[in-house]
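Structure provided below as C-alpha cells; questions to follow.
Here the chain labels run A, B, C and D in written order, and each chain numbers its own residues starting at 1.
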C-alpha cells in the first residue's frame, strides 16, 4: 500500500468514452493482486474533492494499468490527462479475487459487463499463471463498448463476447450468454464484475448450478481505506447481516455472502 | 460589449510569471478603447467561481491582447492555457483613458508599474495615432519584470525603464524616475497604472506640477458590469465623496477625483 | 401529442402571480435589471427581483466587499443603493416597460423604514410585488435582525402586509436553528410566499496581514458551496408550508434549478451565477426547457415537489 | 536567535492538556486511527479524535451514505460503529501505545447512554479526554438534538462533566441561530473546551430519479465549502468564551489551519481532508512549521487569536 504522488502516465489509449492508462508505479505494480483497486486524485483543486476508485486492470513490475469509462465529472477530468502527465494514486487497496489451488487445471468463468471487465484481464492473466483455465464472457451494449476483445485475443485467453444490440458476438445480455455456457459445462468457479443487476442475475445462476462465485462490488467511496464507513454493502457475517465496508473487506465477496438490494 | 464564449487563443508568450495572450475576438477588438478591460473565465467548474478582470493590452480588427502576471489561483490556471485553447471573455468593459484633442502635438507621460504596464501599450499606440507624443516610464522590480521593453523599442515609442534593484535602466522606483522627468519637462498629461502606492505618489507629483492625470484603478470584481457593487473606490462626486463602482464609471479616473486610501 | 420544445409549458403560478417560467433573478445579483440588457433578453425571465431598496440612499460598506472562497463568494456590500425616490424616478419607468414582473426587494433599518418603502412604492404602478428582506439589522433593536426569530418576523410581516396593497414574499435567512419555524411565523402573519435562502454569515482571513479579507469583517456566503444546505432548507419549508416557496442558493444550471423545484420550490432565483455569466438566468430557462423536452415533461409545474423520499 | 524549522515551538496548551502541535484529527474522518498507520506517523499528530462511539454497536444508515457537492461532501453514515466494549477490547490497547493523545468522541441516543460511555471509558487508561458529540438526535425527546438549544446543552454537559474524571470538550453544531449562546451554555455547565464545527445539515437530489442522493435523505456537509462559515463561528465563539476553542471545517492546508488559529482557535481538527489525502494531518503540521519558519514565528501559540479587526 503506497501513496504514489507523482506516478507518470506512460500511455493513454482510448475508444470513445473508454480509456486505458498505463502508469509507472513499480511498488504498486509489484504488490497488486487481481480485484484490488486504487484511489486516483482527479483534480488539484477542491472540486471534485474526493479521489475516484478504479480497479487494477493489469499490473507488472513497472506499474499498473487502469481501464475506465467516463461516468461523470471525475472520470471526465481524468480522461483528459495526457501521456507524460503525473498522477496521484493510492493503492493497491482492498482484497482481490481468490485464486485457489482447488481450481488448478480446471476451467473457470470470468463474466464482465461494460467497464466491469477492467479487473478481469489482470485476473485472467494471473489465473493462467496459476495453472487455471480462464474463460471470459465479455458483454457490452454494442461493438464499440467491448474494445478489449483484441487484447484478450492477443493474449490467447479464451473468451466470448455479447452485445445487447447484437452488433458483435452473442446478441443479448452477458448473463444470458453465461446461462447458455453454464448449461453446456459447469466451471470450477465464476468471477464477475459489472452492474448490480447483472451480478445479481449471475449470483442466482451460480447458485442454481451450484458453482462458487465471487463478485466485485461498487460503491461511492469517501476514502478507500476503511476510515469513513461510506462504502458499505449488506453482507452476511458470522452473526448476521451487517453493513460491511467494501473498500476494506472487499470489493470482492463470495456470492453467498452478498445480500443484493 | 460582447460575450465571446469561444475565443481562440492564438498565441501565448511568456516571461517567468508574466504572460501575453493574443486572442481572436474581432468584435471586441474593434470596439476596444485603451483603458478598458475584459472579464475572463478561468475555469469551467465552480472553482474559481468568478471571472478575472484584465486590462486590454492591445486591440485590432482581429482581436485583443492581454498581458498579465500570475497573482494567484485564477491567473495561475489561465497561464496554463495553450495556443489553440478557447477562452470565454466578456468585454470591452468600463471607460478608458481620455485621449483629448487638447494634447495633440504635445508630449504626455505614461507611467506603468509591473503588470500595470498592460493597458499603456494600447494607449501609447492610440495616442500616436491621435497625434500625441507618448513617453512611457516603465518600472519593475528587476530586469525580468519589464519584458515589454522590446515591444516599446520596436514600435518606436519613446520610453525609459526603471528597476528597483537597478538591474536595468534607472535604479529606483518608477515614481522617482517620473519626478526627475517631470522636473525636466512638464507634459500635457499623465496616465498611470500600477500598484496603489505608486499611483498615490504619482497623483501628488502631478498635483505639485499641476499636470492633469488619469489613473486606472484595481479592485476585486464580482461582475465587471456594474451589477454587484463589489468594486467600489472612494471617488469625489458632484455632491460628495461616495463609493463609486470602478467597473462602470472607471477603471480610469482623473487624479483629482480619486481619494486614495 | 409529443412533447417538444415549443409545446412545453414553463409557466408556474404563485397564486398571487403567474410567471411565464420559474426563473427569477435574485436580489442584489442583478443590479436594477437594466445593467443586464446588453447580455440577455429581459423578457425571457420569469421575473426580476431588484437590488435591496432602503428608503434613503445607502453608502454601503468599505471595500474590500467581495472575497472568493471554495465554490463560493462572500459579499459585504452593505446594501449600497440609491434609495426609493431615485429608484422610482430613474429606474422604475424603464423597468416597467420590459414586460416582465418586477419584484422589489424591500429593506429597512427598522419597521418604520420598511413600511415607508412599501407605502411609497404602493403609489407607483408596474411593480408585481415585494420581497421583504427581513435580514437587515435593526438599528433600533441593537442590530438584531428580524429574520433570526419568529416573533420579530411575525410582527414585521404583519405590519408590512397591512401597509401594502401588493403581494408579499418574505425572504428568509438561513442563519437559524429552525428555518421552518421562521417560515411558519411569516405564513401566520399573512405572507403570500416565502423565498429562501439569503446568504450565510461567513468570513475569510488574509493570513499574511492577519486581517479579515472583507472591510466589514463578516459577509454573506453564496454560490454553489451553499447549495446543499439551501436545498435541504427549501425541502423542509416546502414540506410544511401552505404558501408557495421560492428557492435559491447556488443555482448555476438548469439541473440545479430543477432540483429546487423537485424539492418543493414553485419558482427559483438565480443569484451569484449572474456574476459569472450575465446571461445565466436566460440560459437556465433554456436548460429547463430542454430537460423537460428530453424527459417528456409537458408542464414544468408538474415536477414541483415530486421528490420521492421513500 | 534565528527561527529555524528545528527551533520552532509548535506546542499549544489547552489548559487541561498540552499538545505537541495544534493539529488533531476530526472524529469520523480518521476511523479509529489505526487505519491510517500505513500513511503517516501517528506520533506526528497533536492528537487523535476517534470516531463517534455509542455504548452499543450501531448499524448506521442505508447507503448511499456519501455524496460529493461543489467543494463539499455530504455524509449520512449514521454513526455506524463497534460500540464502547469492542473499542476498549480491540482498539484502545493499540491506540494507547502510540504516544499521541487519544480523545474519544462520545455519542448517545439519550443522556443515559452518553453517561454510560464515559463511565465505561473512565475505567480505562490511555484516554486524554472526551469530545462530547452533542449533535446526536435524542431518541427519547422526539429526535431533538441537544446541540440545537442552550438548555439541553447545559444539562447534558453538566451531567457528563460530573460523571467523568476526564477533561471534556463539547463539540458544537453549526445548525443554530447563535452558536455563541450554545457555547456559553456549555461553558457555564463546566466544559473544558469547545470544538466547532460539526457538519451542516444538507441534502442532494438526483434529478433523473427524483430521489435524494443519500439513503437517509439528509446528511452533514463538510469540506472546503463550509470553511468560511466555520471560520466565522470560531471567531465569534473565541471572542466570547474563556475556555479554549478547537476549530474545524474545511481545513485542507496549513494555511487553512493557521487562519483558524488567527481567528482564535487554540487547536484545529482536520476532517474531510484525510479522505482525500490520508496523510493530510501530518502534512498540515509540516506546512504550519514551514510557515512559522518563513515568517519568523518562534512559537505557533503566539498567533492564536491575533486577528486584527480594526
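Operating definition for what follows: a contact is a pair of C-beta atoms (placed from the backbone, for glycine too) under 8 Å apart; a residue touches a chain by one contact, two chains touch by 3 or more.
Source: prediction; values computed, not measured.
Under the contact definition stated at the top, the chains bordering both chain A and chain C are B, D. Between the interfaces B-D and A-D, more contacting C-beta pairs are found at A-D. Note: the chain lying farthest from chain C is A, by mean C-alpha position.
With centres defined as mean CA coordinates, chain D is found 47 Å away from chain B.
With each centre defined as the average position of its C-alpha atoms, the distance from chain A to chain B rounds to 55 Å. Taking each chain's centre as the mean of its C-alpha atoms, chain C lies 34 Å from chain D. Among the residues of chain C, those touching two or more other chains are numbered 70-72, 223-225. In chain B, the residues that reach two or more other chains under the touch definition are 46-47. Taken together, the touching pairs cover every possible pairing of the chains. Across the interface of their complex, chain D is touched by residues 1, 3, 41, 46-51, 90, 219-223, 225-233, 242-243 of chain A. Residues 46-47 of chain A are the ones that touch chain C when the two sit in their complex.
Considering their complex, residues 69-72, 74, 148-149, 175-178, 200-205, 207, 209-212, 217-218, 221, 223-229, 231-232, 235, 250, 255, 258-259, 262-263, 291, 303, 306-309 of chain D touch chain C.
Across the interface of their complex, chain B is touched by residues 70-71 of chain D. For chain C in complex with chain B, the residues that touch the partner chain are 28-31, 35-36, 38-39, 51, 59-60, 62-68, 70-73, 75, 77, 80, 223-225, 252, 272, 274-279.
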